[in-house]
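For reference, the structure discussed in these notes is given below.
Chain lettering (A, B and C) follows the sequence in which the chains are written, and residue indices restart at 1 in each chain.
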Amino acid sequence: MNVEVRVQTDVFEGPIDLLLTLAQRQQVDLSQVRLGDLAWDYLATIREGTGSGPVRSAEELAAFLVVATRLLALKAASLLPGPNDGETEEDLESWEEQVRVRMAEYARFKEAALELMRRHAEGGFAFPSAIEAEIVPSERLAIDAGGLAGAFQAVLDRLPAPAEVEVELTRYSLTEEMDAIRARLRVAESTSFTALFDAAAGRLHAVVIFLALLELIRAGEARFRQRDVFGDIEILRGVAVADG
Amino acid sequence: MADIDVTLLRRQAEAVLFSLGAPIEARRLAETLDIDPRLLERVIDELSESLAGHGLMVQRHDGLVQMATRPEAADAVRRLLNPEVPGRLSPAAYETLAIIAYRQPITKAGIDEVRGVDCERVLEGLLNRGLVEERGRLDAPGTPRLFGTTMRFLQLLGVERVDDLPGVPDPAPG
Amino acid sequence: MADIDVTLLRRQAEAVLFSLGAPIEARRLAETLDIDPRLLERVIDELSESLAGHGLMVQRHDGLVQMATRPEAADAVRRLLNPEVPGRLSPAAYETLAIIAYRQPITKAGIDEVRGVDCERVLEGLLNRGLVEERGRLDAPGTPRLFGTTMRFLQLLGVERVDDLPGVPDPAPG
């Protein structure tokens, strides 16, 4: 009910809705309430026109009538004569019973409604999954874990074993090549530049031999000489000869 | 299908419900799993049991099935996702909702009778919020519309089924 | 928080991952549950265990966590959601994917070196399919991009973590 109809009786003062609720819980003795007073209070409310004006919708009127009717039914039920009063006894009993059942039912739904409200306020919601399309594979790409491991193993098998590579690298040691050139220059005072590379096993080896030669020249252990522009370069024993 | 693997079916149902993220008709779920609808009931029962002690549960209502989070985890979910949740309702709306929940399917006249007032507007509000929906028509003069609660209603209260609501009033004698 | 209820945290994590339906950074999930990231690791471990025998699982990769369906339920999911777009990876793509999976994060030069050919196009294909993604840059001259596999890759493979891949060869010495 949108409109609050307040009533004043000897046993109760307040909204008429509350009166109905209390009467249903038997917390107000309806036999002490004159229902005619309630009607007067309602009419008074209409005449005063609280705030929004005196005009009441049919809906609000109906709402009041329903509450009033319920109060009337309750009151009638409570005023019913005892069980030994003549022949309509059974009808009256069943009517009284019906009213009580109806009222009790309504009261239970009011309780249930309070429980729903309480639960809602507690916020114990249940949430569905909001799934992203990606979680569900949209492409039937059957990637097999075993196959993937196999593919990787195949790649590894194709590569030369790391151990072999290391052996190759140690074979071309700069100090070893320097020692080799020193040994040559101990035997002969000079040697041809190109002859130094006769033993080169490959490009990398040649580079290391050249680096070894540069190192010896820098240290003064070797010198070089070129007699004519296009002639062979001669490598000579240097002054700072390292022994051993 | 001599030997039915209920455990596998339970897992499949779980995966399907998770992926779907929406209610599905039990009939359609049974089709998806290629099983009899009666067997599905057992599969869903088992799924529900297997989720005891988990943060998830299975909701069932009116031939629909859906997976959802449990209410005790609601705070954490809201903190992260801040999903839209239904706002508070008026006392009249809770009352109407309670009547529909416990007496569904019920006609508008049936609701009016219990509440003693016309529920037109309140009912409309509940329909708009998706907490209540039409559930066919009564086979009676005028074939009035029947109403029942929705999956969203179950989500609002965080229960698996309407039967899990507390203090269900006895069925009306009429 | 003297007494930490790991079981409740596990349920909350489960509910959050379920309702999110997408990968989330572990750091952010820990924040959501208001716990230390180290405790989260334990919570997720427990969740993963509790989902044994279920149709769902928890996938972890590169600081991300997500809930996903298990592969044995995938057919049922596909049957219902019907997305089935058949796709196939070329042997070259397969090989490249394998190298990235087992050696991630790895630069393109690193992949090229292992495969012995230029992988530009194959790599692009894997990126477009969402199987591989950029994973920052290497702190070296030219700061080359690093690549790693995605959650989607795990999803298609149906495993929980990259570590679950079979027979991972020892890491390369370089």
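Worth a mention:
Criterion: a contact is a pair of C-beta atoms (placed from the backbone, for glycine too) under 8 Å apart; a residue touches a chain by one contact, two chains touch by 3 or more.
Quantities reported herein were computed from a predicted structural model and do not represent experimental measurements.
Core chain by CA centroid proximity to the global CA centroid: A. On a Cα centroid basis, the chain most remote from subunit A in this structure is B. As a whole-number value, the distance joining the C-alpha centres of subunit A and subunit C reads 16 Å.
Put simply, the C-alpha centre of subunit A and that of subunit B have 25 angstrom between them.
Our note on geometry: subunit B versus subunit C, Cα centroid distance of 35 Å, whole angstroms. Among the residues of subunit C, those touching two or more other chains are numbered 15, 18-21, 67, 69, 74, 77, 81.
Touching of two or more other chains is recorded for residues 127-131, 135-136 of subunit A.
For subunit A in complex with subunit B, the touching residues are 1, 59, 62-63, 66-67, 69-70, 101, 105-106, 108-117, 119-121, 123-131, 135-136.
Against subunit C, in their complex, subunit B makes its touches with residues 7-8, 10-16, 18-21, 24, 28-29, 32-33, 50, 53-56, 67, 69-70, 72-77, 79-81, 83.
Against subunit A, in their complex, subunit B makes its touches with residues 18-22, 57, 59, 66-72, 74-75, 77-78, 81, 83, 85-86, 88-89, 91, 94-95, 97-99, 101-102, 114-118, 154-159, 165-167, 169, 172-173. If you check the complex, the residues on subunit A that touch subunit C are 127-149, 151-156, 158-159, 162.
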